[in-house]
Amino acid sequence: MDERRLRRLLSRIAGGETTVEEAVAALKGLPYESVGGFANVDHHRTLRVGMPEVVFAEGKTAAQIAAIARKLAARGPLLVTRLAPGQAGPARRAVRGSRYDPVSRTLSRGRMELPTRGPVGVCCAGTSDIPACEEAAVTLEVMGVEAIRIYDVGVAGLHRLLARRADLERSVALVVAAGMEGALPSVVAGLVGRPVIGLPTSVGYGASLGGLAALLAMLNSCAPNVTVVNVDNGFGAGFAAGLMARR
Amino acid sequence: MDERRLRRLLSRIAGGETTVEEAVAALKGLPYESVGGFANVDHHRTLRVGMPEVVFAEGKTAAQIAAIARKLAARGPLLVTRLAPGQAGPARRAVRGSRYDPVSRTLSRGRMELPTRGPVGVCCAGTSDIPACEEAAVTLEVMGVEAIRIYDVGVAGLHRLLARRADLERSVALVVAAGMEGALPSVVAGLVGRPVIGLPTSVGYGASLGGLAALLAMLNSCAPNVTVVNVDNGFGAGFAAGLMARR
Amino acid sequence: MDERRLRRLLSRIAGGETTVEEAVAALKGLPYESVGGFANVDHHRTLRVGMPEVVFAEGKTAAQIAAIARKLAARGPLLVTRLAPGQAGPARRAVRGSRYDPVSRTLSRGRMELPTRGPVGVCCAGTSDIPACEEAAVTLEVMGVEAIRIYDVGVAGLHRLLARRADLERSVALVVAAGMEGALPSVVAGLVGRPVIGLPTSVGYGASLGGLAALLAMLNSCAPNVTVVNVDNGFGAGFAAGLMARR
Amino acid sequence: MDERRLRRLLSRIAGGETTVEEAVAALKGLPYESVGGFANVDHHRTLRVGMPEVVFAEGKTAAQIAAIARKLAARGPLLVTRLAPGQAGPARRAVRGSRYDPVSRTLSRGRMELPTRGPVGVCCAGTSDIPACEEAAVTLEVMGVEAIRIYDVGVAGLHRLLARRADLERSVALVVAAGMEGALPSVVAGLVGRPVIGLPTSVGYGASLGGLAALLAMLNSCAPNVTVVNVDNGFGAGFAAGLMARR
Amino acid sequence: MDERRLRRLLSRIAGGETTVEEAVAALKGLPYESVGGFANVDHHRTLRVGMPEVVFAEGKTAAQIAAIARKLAARGPLLVTRLAPGQAGPARRAVRGSRYDPVSRTLSRGRMELPTRGPVGVCCAGTSDIPACEEAAVTLEVMGVEAIRIYDVGVAGLHRLLARRADLERSVALVVAAGMEGALPSVVAGLVGRPVIGLPTSVGYGASLGGLAALLAMLNSCAPNVTVVNVDNGFGAGFAAGLMARR
Amino acid sequence: MDERRLRRLLSRIAGGETTVEEAVAALKGLPYESVGGFANVDHHRTLRVGMPEVVFAEGKTAAQIAAIARKLAARGPLLVTRLAPGQAGPARRAVRGSRYDPVSRTLSRGRMELPTRGPVGVCCAGTSDIPACEEAAVTLEVMGVEAIRIYDVGVAGLHRLLARRADLERSVALVVAAGMEGALPSVVAGLVGRPVIGLPTSVGYGASLGGLAALLAMLNSCAPNVTVVNVDNGFGAGFAAGLMARR
Amino acid sequence: MDERRLRRLLSRIAGGETTVEEAVAALKGLPYESVGGFANVDHHRTLRVGMPEVVFAEGKTAAQIAAIARKLAARGPLLVTRLAPGQAGPARRAVRGSRYDPVSRTLSRGRMELPTRGPVGVCCAGTSDIPACEEAAVTLEVMGVEAIRIYDVGVAGLHRLLARRADLERSVALVVAAGMEGALPSVVAGLVGRPVIGLPTSVGYGASLGGLAALLAMLNSCAPNVTVVNVDNGFGAGFAAGLMARR
Amino acid sequence: MDERRLRRLLSRIAGGETTVEEAVAALKGLPYESVGGFANVDHHRTLRVGMPEVVFAEGKTAAQIAAIARKLAARGPLLVTRLAPGQAGPARRAVRGSRYDPVSRTLSRGRMELPTRGPVGVCCAGTSDIPACEEAAVTLEVMGVEAIRIYDVGVAGLHRLLARRADLERSVALVVAAGMEGALPSVVAGLVGRPVIGLPTSVGYGASLGGLAALLAMLNSCAPNVTVVNVDNGFGAGFAAGLMARR
């Protein structure tokens, strides 16, 4: 319910085209009336952010996911995350034109059409980190932001990273994933003066503590332009980077 | 903005008493209106709870504490917690009639006059737990709730606890403090059918982990009527128990 | 052996009605007598609390559960928790009139008939927290306490919570479940002057540490009316809240 | 190879009944000659302790267990621990007269015939702790020590524990198992002046941290006669208690 | 050594202008050449970022700090962080026109003159979090970015936060500090579609674990636009937010 | 109040030498009557254990310690632990004949005269572990048990330990202290078939986690005759070992 | 591309046998040209280390592993680690002459031919640690270093370890694996003046914390010649030891 | 007692030159004989390692340190570590020619004269890590190994590290210190094919957990030539590296 629609409704009341009862019902039909204007703000936020609805599939049945996805896709771009291949079928069939990607485990359709300031780089050290990176990249793309994939650039072979310096530099923000010792965000952040989002992954074993070692490393980065998200939270990293790329 | 007020506004538009522009402005103003009403509710809450203001003294200077205390004491009962003896002087002098207690490290004056359902028992195992207990007891007293002190009733000498069964039973809720292994709340909760608030203390060393061992023990209590507060949080335990004792 | 009985015994010795040997025997028997009396007290507690027997099904076979459930149901209301759907059949058939609920994973029959002071609100942020909430709600209902379900009211969309303020306010105590960052209890506790029981859930991944992050957050709540139970302990939260709602 | 056998062997050499080569071979046949007398000491220890060989079955195949068990049973009493029901068959058949117990998950045959000072009490709070207790009890029995089972005596119902005081008092040492908050060892240790071995179990969930909460509680016991073993280590608890019961 | 330069070198060999030995030496020298170019890039980065030098004072003597500060201030804006009041004197006197702020514990002079997209909001729940916020705010100001201070807006009194909505909405990024349960970033991030940097503080005790509880809460935020920095790292939060505000 | 004294009191009542009121007062004057025979058991236990009173000095003032020590010393042997040199004076003067030992930080006087089965060995790896060992040794001596000190026998120089094998073997139980990696108890327990009490110390830094690394190592000992006490808990280790040495 | 090959290429240009275009293409065909000489260094390192490519199989499909293995085996010795038996078939068939070892879970073929200074000892306490040891031993063998297996030499039976002293002493470095309390590296390091690499294993349960207890113990070793790798990281331990054995 | 000596003893029995009693006594004496020989081995080790005695000063008085230092310095090179400036005087005066270094906090005199294979590089990221590095460097120098100091080469400014490549490459082993995120060892280990010893330091705050974050990062290094020592253990890192540099 944006201001334009509110104004139109009120004009119809003023003009007698709509009764007070109908208007009350219409306003009550919105999810938010009971808390007054406050809810409108929330609605505005959703439109502005350009990410109306995201479904976290883990813990839901394939049928539930399909039902939710169909409903959401009617209103705008769709993104379903953490969707296992074995559960994707019903939702993919329910939303015509949707695309399931088994690497990022996302189902998506459409993209926002909002102005951006430039692309976001998505980096990782090894192939095991690619699923988290792809979750971030798909999120960015649904938000209408270009994602530059900069993969296999681990700190134990710096030349591969240095070879991609041009791509690092044209990014307005960077998502940098790493498991194990989690050192890559510090190195990348030392190369470019852009916000870097550290994305720790659960890649590793033993003292990696399921990704906590990488998480701690990133939180202690000696480069001050690193902020961090939860382990394996590719969606969150992509979403935050996408907001930074908005004009 | 409840339904009644919304309906009235819409009727005024329909009747031409209000222009569309005025209505849009009024509805856009709503977030602030609802904030207004909201704050009132908060104000009501404060009155109803009967604990208008509590000062956590740690990290404030003696002069700051005195200034805040004087201001608050003008409006109702006063409670200052975590007030070291060396810092209590100015505040005590600033609030005529206030009382500083070096054991609980509280400064207080006055008490609420609200109806209660009965006293709250405050138990502990050893003398080292008494400061946390006294913080709870003083909090209860400022809330206008009687505190029954049941001290030195540790689990390694059950007879002392059993000797206080009558006091346990006439309590409408219990605060049970323990450091080290934190076993006392389970034992007390097995004796009486009342809500028991486990209050872990930092008493101990080594594997007590600064009170975390006792905290974990209480969270894992085999008695289902135990809920838990933070380590050494005597004020929180007393406050929650005081609410339970309210009519 | 209270003072009155002791005095009577000693008088009988003084009066020659009891020999010294008889008195020694009686007094030596005391530990067992006191155990006897003690057990009675425990029996009274059970009756007063109105929750005679609860079965924790995890780790028991379907046959064992059925046998215990039949025996307990003969004496009063029955509650079985943590009962997986695949194991519920025998117990459900063993107790005529019992009801199995797959969401809360409880089997129950009957309810206590004790006077209460009002309903208990049961809140949660997201759909994944509902099983823990329902365990609390069913526990409350078996205790004879009305449970008001206030679901899907997470802190990232405050308007949904504010819309349920009337329900929050008529509750005499609240169970507030949350996984992930565990912020909901603090927000709810800031809105109502009632005891709030924080119920952390294991919903989350990575740095949620299986619910410990939510648990820690609740223990550190800036609202002093929050006490906490173990992760996913819906039964404990419901039970403690139910006691608070007893008259 | 105890002193008596060594003396006999040397006498046979002196008497010409055994050649030097045969004696060297015999002594080399012992596992330890290569390190000289040192190994003999180890051998002596084994005989004195009366627990010649114990097999930890976890991580071995059923065939491997059967082979080891047959070999060991030829030399004296046998104890196999952590033996899952599905893997017990071959070993049970390989050792005639052996007995598999599915609760303690042990396979055993025979017992040591060494003098003891009295029985060992084995206590636990709930039925879920019984497997760990039974592992301790079976270990004691193979060591030739009587085990008094004192089960279902949790701290939330003290009368059940007090009713077993006579059994506690005739024990020369006690194994006390508990999961969840791990409070039982403290309470038992406060009742009897005997060494108490706290046996934390992994019974619990959430903040029980797989038994670590109980472990920490026991390490912080306010009763000084409590020592502790690893989580679920029924064998170690029984073995240490058995040594304490040796004359 | 880009392709163009390589081609020229090889051509010179082909043309006999360069001997093989000279070419080998040149190519072996390459790592140092590339280091040279690399360092220039780093220099560019510094200029572009607009934060040429920052001194972390902790662990340095007052004299060392003064010497470094004087040297850096000769080249551009200066920022010294974590500077205790007792150590600030020499550095303040060494840099004419510098300003020491005892709350943020910073010494600063000058500011960058780079175009920005708008102000950054800096929020916190309680007065104890203000030092970390001020460190962020001063950092922003030295970067030439306006900082909007939004203090004392804790989640247990939502109306205070809602009253500052206009300020939240005009911020292009937000730094949100919180100790204890660390809930504020989630609530703020639910209100505005902007990147939110969670800044956990060490405010709290017991189970706050020196700020780790707040840190974990923020990492588990249910709002996807939250990224996190280390405990009390106001400089890092301000710096990252300042980069986001750059045009 | 043993049976003999009880019988005498009752006889005096029967003989008219004592009034009922006097007898009630006498019985009430004992600390334990109100819980009947149960308290007597506790009293019996104290006598049998032979460690009537132990004072943990940490957290008490020198004056408090002196007052308690004087009172306890009137009844039997005295032991004060964790007594800093600067606080020992008043207590030492208050109890004539007491001895303060600055290494173990104990004040003691007298010893129990109960039959024992042999000495207890007290071992440690390095000189930094000696204070914890001495606390154990002094505790043993007050209990009337001989302590054999076996110091400086760390695992990185096995020959020193092997040279003390005779002493290890004549011990009926062993206290084995170690900080850092905590390996010594396993090695000792592999040499002798006696109960070994692992006593982790806080000696170390970094990953020793204040003694937790040693504690964990001992809990995971591959030797089954190791049980463990809290970090630096020399008193508990000595006390438990002393009980094992009792006849 | 070592110096010899570079020189030959340049000579061919000088001699007109190769055109500049061909040379540029050849140099571009190397993976590293884009970063100039820097990449060559990396290439040099690989040749010198003698471990050109190692595949970590976990998380890859059998087909992916086979494809990578075939490609790598064309260039030199091959090592695939963490390869489950069920996934080894395709890779084993793809690389003729390769050998799959189910204990170490490695697939290997060939070995480096570089001069070494002597063998590396690989020790462990129990049979459960053998898989980690074999991973280290196979790694050493592919590096062309002799591995001396010294198994079943746990600290609770020192004679077995002492019997292998000659083997310990002829090793130029040692890999010492241990789970549970992790004491073996300290004991071995006390016997020989060689670098010892502690290899903690995840063998154990409860307080072994998945190998972290052993890891902590090794980090706290009282022997200063112990360095440590991650839990179960047999490859890393073998690789580092192999480098130490290189001439 | 090797086989040759055993055979001779048995032959003497067979030949009547030794009685059975004498042989039993000889064989019973063996453990002590083997201890004798064992200790010699240890003695050999000390000589061979070339680091006869090192004093860890922490926890010792200045007078104790001086006494030990004087005694040790009489036998060979001396090294005292963790020696605070305020405590160094007496020891420095006690050992003529000794040198106290306040940065590394070591007192040393002399150096071993054993053949080495080359220098050891000692690297660190920032100035705060220099004390740990210097402790390693001084240890190397006392061992007679050249230490190449490579300081201030942190990962956020790679060019500084790359500029020191020649020094990295001529090292036979490397000690690489880092606090905060601990990334430097991985980067260095990717540049040179030499054993790298990661030396985590306690530099950092908050989520650095006193150096544990850096420690975890290093244990999870993606470069397999990294092994790790305890936090701030410069001596251990230097010592192990020194052994690697021995011929």
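Should a chain be cited, it is by its letter among A, B, C, D, E, F, G and H, assigned in written order, with residues numbered from 1 in that chain.
Operating definition for what follows: a contact is a pair of C-beta atoms (placed from the backbone, for glycine too) under 8 Å apart; a residue touches a chain by one contact, two chains touch by 3 or more.
Since the structure is predicted, the reported quantities are computational estimates derived from the model, not experimental observations.
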Chains touching both chain C and chain G, listed by label: A, D, E, F
Selected pair, out of A-C, A-H or A-B, that shares over half of its residue contact pairs with C-D: A-C
Chain whose Cα centroid lies at the greatest distance from that of chain G: B
Where chain B and chain E are represented by their mean Cα positions, the distance between them in whole Å: 39
Distance from the mean Cα position of chain D to that of chain B, given in whole angstrom: 50
CA centroid of chain A to CA centroid of chain D, Å: 56
Touching two or more other chains - residues of chain F: 34-35, 38, 41-42, 157-158, 162, 165, 190-191, 206-208, 212, 215, 219-220, 230
Interchain contacts (touch definition) - all pairs: A-B, A-C, A-E, A-G, A-H, B-C, B-D, B-E, B-F, C-D, C-E, C-F, D-F, D-G, D-H, E-G, E-H, F-G, F-H, G-H
Residue numbers on chain F that touch chain D, as the complex places them: 38, 41-42, 45-46, 48-49, 54, 162, 165, 173, 190-195, 197, 215, 219-220, 224-230, 235-237, 239-240, 243-244
Chain G - residues contacting chain F, complex: 125-126, 154-158, 179-183, 186-187, 189-191, 204, 206-209, 212-214, 216-223
Complex contact set, residues of chain H against chain F: 31-32, 34-35, 38-39, 42, 59, 200, 202, 210-212, 215, 230-233
Residue numbers on chain F that touch chain H, as the complex places them: 128, 157-159, 162-163, 165, 203, 205-208
Residue ranges of chain D in contact with chain H within the complex: 3, 6-7, 10-11, 13-14, 16, 19-20, 23-24, 27-28, 33, 35-38, 40-41
